[in-house]
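Below, chain A partners chain B and then partners chain C, in two separate complexes.
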Partner chain A sequence: MTVNDICKDIDAEVICGDTSKEFCGVYVGDLLSRAMSHVECGNLWVTIMSNVNVAAVATLTEPAAVILAEDVELQEDAFKGANENGITVLRSPLSAYEICVRLHEAAV
Partner chain B sequence: MDELSLYVLDITMNSVRAGATEITVELREDGKWLDFTVSDNGCGMTREQLAKLENPFFTTRKTRKVGLGIPFLKMLAEMTGGYVKITSVHESESSDHGTVTMARFGCDHIDFIPLGDMVETVKALIQGSPEINFVYRHSNDKGEVYLSCAEMKAVLGDIPLNEPEILSWIGENLREQYKGIGIV
Partner chain C sequence: MSEALKFHFDIDGSDFSSAGVASVMVKKKLRQLSYDPEVIRKVSIAMYEGEINMVIHACGGTADVEVSDEEITIILRDKGPGIPDVELAMQAGFSTAHDNIRNLGFGAGMGFPNMKKYTDYLNVDTVIGEGTTVTMKVKL
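Take a look at the complex of A and B:
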């Protein structure tokens, strides 16, 4: 399944990056030091954190996409970092929980 | 990193990598704030390096292109109402070079994380770099925990501080001192 396939399911808009990437598995979490050791390459990473450190952690862990829950605004330097490093970022108005439920229903 | 001691370790390792021979790690608690300060006589940073320090896409590491030590520390300190202040003199500017990193955390804040085991942290630092003269202080309203590697070396002579017996003595001594200031 590609990132593009689930955008509609979770009412997400694309903030930046390529959505044709295949993904596998999901990680949910906001404590960045923990995400750094738990997000796996190719995951969807759902979080409400939106600062530049999110882009840095994503650069290290290489998720297929970062999904910002609850419509949080990606900060400008974070957008720059994500864009320059090819990180795909989506934004959804749903809570992290609801995003996971919808992803499950979409048979992820 | 869900304990502050891991941040202390991380910041102190920056001093080790900067080639410091003297590193002071100081924790101060006054009930409202927990301040920690790491001072070293390492190579220091240039103004350009210092300006980029809070950007995680800047790092002196060669192995990866992202550095999160200072960004994470700053984020955590600010989340608890505190701040991080870093001053540095690069070796090209003065013979009196080095870096001072000070971080303040609000102990009452809901996002404050536990300090964790500082005794094990200090032991890990000495074990990894027995040649460095660490000074460790942790004070609160009841008193102070104090350790000086240089003073221990003066007594021990040629015996390296990372000998298992010495390390275990350091651990016991620190724990004993911690009891004295009401931290077990």
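Take a look at the complex of A and C:
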């Protein structure tokens, strides 16, 4: 399943990056040290953090996509960092919980 | 035996937006050299946590990474306030980060626990008022 396949399911818009990446598994969380050690390569990482440090953690952990919940706006330097490092970022108006429910329904 | 690879970084302590840059550079370098992804993951996590700690608590410092045939050694040096109780700092969930830092997503109290978990050797040499040197090794 690709990132593109679930965009509609979670009402997401693509902020940056390639959505043709295959993904496997989901991690939800906002504490960066937790994310750092739990986001697996190829995961979808659902968070409400949108600062530049998210781009750094994503660059190190390599999720297939970062999904920003609750329509939070990706900060400008984070956008730059994500673009430079090929990080795919989506944004959804849904809560992290609702995103997970929809992903589950989409058989993730 | 091939000559050890060495990298040196100055970690800017005034700028949170650049925190993690050294870790990202090391990761990219190790990736280019085709190291085992699990080794790269361990080094990335441990070094990132150390780098962030230096920015949060010590106004930055330096990072030296040495890659030999047997292991990757990361040495982080700062001239910060030192750590009064290293054992306490090692406990999962313990953090002295302020609210403004927590709002950025840091301060989970998982810095040292992650550094310990993802390395094969961790030593913390700290002197109150003088600074801290953290040495970590990941075996290849």
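Methods note: the second predicted complex is superposed on the first by the 108 of 108 C-alpha atoms of A that agree within 3 Å, B and C clash if a C-alpha of one lies under 4 Å from a C-alpha of the other, contacts with A are read in each partner's own complex, and residues count from 1 in each chain.
Definition applied: contacts are C-beta pairs under 8 Å (C-beta built on N, C-alpha and C of every residue); 3 or more make two chains touch, one makes a residue touch a chain.
Since we're looking at a predicted model, the values are computed, not measured.
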item: Superposed partners chain B and chain C on chain A - clash or fit; value: clash
item: Which of chain B and chain C A:Cys41 touches, first, second, both or neither; value: second
item: Contacts of A:Cys24 with chain B and chain C, given as first, second, both or neither; value: neither
item: Contacts of A:Val101 with chain B and chain C, given as first, second, both or neither; value: neither
item: Contact residues common to both interfaces of chain A (with chain B and with chain C); value: 31-34, 36, 51-53, 56-57, 59-60, 77, 85
item: Residues of chain A that touch chain B when the two form their complex; value: 31-34, 36, 51-53, 55-57, 59-60, 77, 81, 84-85
item: In the complex with chain A, residue positions of chain C that touch it; value: 16-17, 19-21, 23-24, 27, 37, 41, 44-45, 48-49, 52, 104-111, 114, 117-118
item: Touching residues on chain B, where the partner in the complex is chain A; value: 1-2, 55-57, 64-66, 68, 71-72, 75
item: Contact set on chain A toward chain C in their complex; value: 30-37, 41, 49, 51-54, 56-57, 59-61, 77, 85
